[in-house]
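Shared between the two complexes below is chain A, which pairs with chain B and chain C, respectively.
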Partner chain A sequence: MTTDLGIWAVPLAVLGGALRVSTPFLFVSLGECVTEKSGRINLGLEGTLVFGAMAGYGGSLLTGSPWLGVLIAGLAGVLFGLMHGAVCSLPRVNDIAVGIAMMLLGTGVAFFFGKPLIQPAAPMLPAISFGGWSDVPQLRAALEVSPLFLIGILVAVLLAFMFKRTRLGLIIRMVGDSADAARAMGYPILPVRIGATAFGGFMAGVAGAYLSLYYPGSWNEHISSGQGLIAVALVIFARWNPIACFGAALLFGGAGALGPALQSVGVTSGYYLFYAAPYILTLVILFFTSSRNRALDGAPRELSITK
Partner chain B sequence: MSAIAALHDPARREESAADHESGKARPLLEAVGLTKHFGNFTALNNVSLALQAGEFHALLGENGAGKSTLVKCILGYYRPDAGDVVLDGREQTIENPRDARRLGIGMVYQHFTLVPAMTVLENLVMSRVDVPRVVDWKAERRALIRFLETMPLKVPLDTPVDRLSAGERQKTEILKQLYLGSRVLVLDEPTSVLTPDEAREVLGFLRKRARETGMAVLLITHKFAEVTAFCDRVTVLRRGIKAGQGTVADLSIADMAAMMIGERDLAEVPDREATTPGSSPVLRLEAVRSGDAATRGSIAIEALDVFAGEIVGIAGISGNGQKRLVDLLSGQEAPDAGTLLVKGEPYDASRAAAQKLKVRCLPEEPLRNACVGRMSVSDNLAFRSFDRDAEGRRIRLLDRQRMRSEAERLIAAYAVKTQSPSAPVATLSGGNVQRAVLARELQGETDLLVAANPCFGLDFGAVADIRAQLIAARNRGTAVLLVSEDLDEIVALSDRIMVMFEGRIVYECAGGAEADTTVIGGHMAGHG
Partner chain C sequence: MSEMQSTLPTSTIEARRRPFLGEVARRRLEAILIPLLALIIGLGLFGVFIALVGKSPEAFYYLVYRGGFGTWFSLQNTMTRTAPLLLTALCVALPAQLGLIVIGGEGAFVLGGLAAAATGTWLAGAPGVVGIAAMALAGMALGGLWIGAVGALRHYRGVNETISSLLMAYIAIALMQHFVEGPLRDPASLNKPSTPPLPGNFRIGDIPGMDVHWGFAVGVVACLVAGFVMSRTTFGFAARIAGGNARAAAVQGLPVGRLILAFTAAAGAAAGLAGVIDVAAVQGSANASLIAGYGYTGILIAFLARQNPLAIIPMALLIGGIEAAGGLVQRRMDLPDATVLVLQGILFVAILVSETLSGRLLPALGLTRKGAP
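Our next item is the complex of A and B:
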């Protein structure tokens, strides 16, 4: 039933990969973008992601509805976010250290509760097909898109709008950019930061549910390959711009699909190198887009790494 | 002091006196018995203050006297340990500045409180109490342009605040408060970075507004000229205690100064000694370009020489490239083209080069540009010398004891007011940060000193001290490049004056008595 596409199979696979693999990157980075804009870094999102994957899978299994599973994963993420946000609001607590602790906590707790979930099969999230017009099966497969991906794009646009045009967005930027100014103008600092971290947790939880309920679509202890951590770097790479986060997530997803794609067309030597493509790509792009004069343009100044 | 005489307007005095009779009934705003401790240090001790509607009230005091602390307590930025704020005869609990804003009390802070990455437009809109959920920038811009047309001050709306010069930021802060339409306006040293003309314009305008709308203005300042020209009444603080109060018309400048400092002598500004300028310049700039040509703040300087034993003053309205010039000399930026020579050697402003060629720098906003706020005063004072021993040899381990004793010496020599050498430098009052940085930069031998707005925000005693230090350095043979927005200061201190306009040096003349401020002012404004 497959058509032989020759070398064209590679870009197709990359496209399909970009659409499938990018979604968790997109969700985590959008959430982290909001958190960082408010002046905090949450490195614990990797743990939240893994816990979200477990909670989403379990939720879907118990309720029979994958969408309820997504919601449960998101709410679990909110709890993790609130915990990070609250602990970091204590005086003399460093957000990066708390993040690392929360990362370990999240994965640990997820493995503990997730043990019984490895066997049973939970209902999966549906896919929307955009490839009906084509009769090339590979193209159709590549254009199978999760609704979450579309929601992610919508969220990116909404966030960009929020940061530009809404009071809430401007308050978040203000709190992240100058706590002094925000205080002088009488805006609350800690509640905004805690809220922004909770939102980041929600998005990471949903990203986890995507992993376990859509692609790859199962729950096991190797569900995440570090998406939660890489997404944090993506935010910096995207210079704290939600739309750029979307671009960066796509790029990363596509580059990540390069290795498996080459393997599938029969390139057998050195494809491991291509598994490193996303990371090499990141370094190359960072190198070429860096500039001494605007190194930290757009960086929220209250971040513990830029302060 | 001729400026004061010119501004003195007897008709206004009578009018203000009449106002007081009628306004005596009930003050608009009253602070009663405010007390504030920081740790076991009492910054404010039982201070009361009353503001009548429509009056312009001055708050005077030395650096560290507690002026900012007092107004921050009124504004809800700090929570006073004792005392009340009464507005319109009703006691108010002001938990935070937003409460104050809601009650119509606004303040221009001494340390800027604009969001650096946001544009002027965004900052102005966000400061309102009633920011709409979704902001219609087009409508807001139109409203603000209309508002700005009625104001004597101009600022670019779409520039991010961190690209603005200190003067422009200050104007933005003032515009912000006017835009908010406060009933009580507190100004913490608002004119430090404005040119004298701008300052007169702003204060004159505010005064008129106060008269017309019944707004009360509390002005913290170190400039007596502003007090005598614009203020009705004055309150003086000394070391956290109210040292006196009165009507400006009844007080002479000497009276007010005495209330501020008690019995103490001021530093004598030393005479300019004849120095023999060397044949070759200490600092030489040749065809230096930096920044995108012809954009705000970029510079294009064909030639600039500073010789040993002279002070070269760079005059100019803020935003004409002075900041970039200082950044180049202090190593915050690298030139795009041209050469920077110190004593004939190329100078890259690295720490090694600065040490070897004995270049020192006092940048503007020293708390941000020359200090690490959370480190102690003693650490900050040691930034130039922590890796050298008494003989100037390199050392590997810090000599804490020597750092501390050096710090104590400098703190005493420059009269830096701090709770202890180990207090974080950010807890010092504005003027004392300035003194601390100057103390650090002037210790040891200095061949080239770059000073940017060195007296920004200092009380009159400190201004005298620091000017004396600059002249003394010059007399010792140091080449001094003085970049200042205070034209009076430039004229008083400089041997030669250069005017910077749009990044170029457009005019040069001799300093001191020969300098003609009208001509210089014309060149500063770009029509020379």
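Our next item is the complex of A and C:
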């Protein structure tokens, strides 16, 4: 049963889509924000995301608990993060290139072990309904929110607080801004960076579990379409600010939901072009926020990508 | 000068006086030894992985040898698979000469294929040579524009080329699918949306006496030309200087911006040409089969070749052979098709980790003294 909303169905579907689609962007970008603040960039989060989707789905299937699945996905992400962090700590090893390799490795291992998981149905994560007050079914559907989305908002606030007000946040920022200064102060640079990359891996693993256990809510080899990578670009757009990451994730979620929303009201021509909207948006944003001559405002100064 | 030397530690002076190997020889030897070592270690680690999942590594290596290199039939199959990889690897290696990491070759590849199919359909009825030349030009032009734009974004706006090229790959794939399923769709293609089939005289045939299409020869020649340009021309020399230190190159009056545009455009043209070849020699029309990951495999090959255009040829044959053997391995050993991806991922990580050995491997083996220049 649906109420005829006419053209209003599109913004409503975009809103609902934004809330659903933005969560993986939010988790990956928050994790990557911490990694980049410490002076490293991990492009391999795309592979971690796919592996997390597989591990989360498999974990939920085997244990019967979707939340254990999320935890397993996060821990698998930690392993990938530790591997990236450790390998990049060797002299002369390029973190961007290692990220590309980890993207390939993570995806490959996920597909390898994920083959038998495509058929069976794993228990899904529950949703919290915020639309009970409304009679419009589309609105109620749009306001079905995953608890992970709310946890993501909480993590964004906590990270912002950590960077501004805590000793740990200050150490991470210092290691990312000037390794020399951190060394002079006696802080261990490599452990901080490896830890920050492991945290990024954890968040990307959880984001993957969200994909396979909530929305779209299945495991297959097309589960991710570059969300892990877009999220890395999104951190640049958000100027390494966790709260801004949340806003950026919502914006990208909305852009990603545009194609399916238009399709749901019968606009099918140019579907692929709408599907490309988040990528085009990212590119346009990068164009306007980058600069030829100076480093980006707020960029960690040890970051290879902005040096 | 003599004052400076006297302040150096004695061991350094000794090493300078009696170098076991000259600087150039040491670099060349390392450039071969280190990737070789990384390949062996990577293959070994993959063997451990295969053993851990309960299969026989020996059987795997043997099947890869049989399916990729062991017979004339499998070798020809490997060369056919290698053809697009040679060109997509160049799409990574050329910008890398300037220190840029471009990973969006897949986008230029599918657009090259699309441009070839559109041009071929449009020119139907023209002589074969004209049609093939126009298709190649169109594909190279569109691919060149696509990756050239990545270079321009980098040079004029400081947009990171790694991220922008990958975003543009996703956009290119969406564009290709839009045209193949919309404006350029052949109404007769029901189950698999495709552009109309190319006229027969626009198809690229096999090299005489072989079961391998001309695309392989084109790819090898492209790598040889790129190698020649890099090592034997002032243009390549300028690029190597700019890649070493862009600021110093600009101070010397080298046109860094034009070099970036030229190299990224050439890179895109190479990947675009690979797409043209895939359409004209293999697919016969543009369709979703173009999105087969050739662009991404090219990244791996370029890094395995340490961005050296000539080294791309053996590395592309190696990876092409492993991929060609994939089907046989899958059937005989009951392994998922992603096995090849896992192997590629492990090799990729191994080769990157091995970079840390450069300048340290030979001293460790006792072939040169520690601290030798």
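Here, the second predicted complex is superposed on the first by the 293 of 307 C-alpha atoms of A that agree within 3 Å, B and C clash if a C-alpha of one lies under 4 Å from a C-alpha of the other, contacts with A are read in each partner's own complex, and residues count from 1 in each chain.
Quick note on the criterion: a residue touches a chain if its C-beta (ideal position, glycine included) is under 8 Å from a C-beta of that chain, and two chains touch if they have at least 3 such contacts.
This is a predicted model, so every value here is computed, not measured.
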Just checking: does A:A121 make contact with chain B only, chain C only, both, or neither of them? Give me first, second, both or neither. neither
With both complexes overlaid on chain A, does A:V98 touch chain B (first), chain C (second), both or neither? second
Determine, under the contact definition given at the top, whether A:L170 touches first (chain B), second (chain C), both, or neither. first
Of chain B and chain C, which one contacts the greater number of residues in chain A? C
Just chain B (first), just chain C (second), both, or neither: which does A:T282 touch? second
Taking the stated contact definition, name every residue in chain A that is touched by chain B in one complex and by chain C in the other, in rising order. none
Contact residues on chain B for chain A in the complex? 76-77, 96-101, 107, 109, 111, 113-118, 122, 125-127, 131-137
Residue ranges of chain C in contact with chain A within the complex: 101, 103, 153, 155-160, 162-164, 166-168, 170-171, 174-175, 177-178, 181-182, 296, 299-300, 303, 336-346, 348-349, 352-353, 355-356, 358
Note: in the complex, chain A contacts chain C through residues 43, 47, 87, 90-94, 96-98, 100-102, 104-112, 115, 225-226, 229-230, 232-233, 236, 269-273, 275-276, 279-280, 282-283, 286-287, 290-293, 305-306
Residue numbers on chain A that touch chain B, as the complex places them: 165-168, 170-171, 173-174, 177-178, 180-187, 298, 300-301
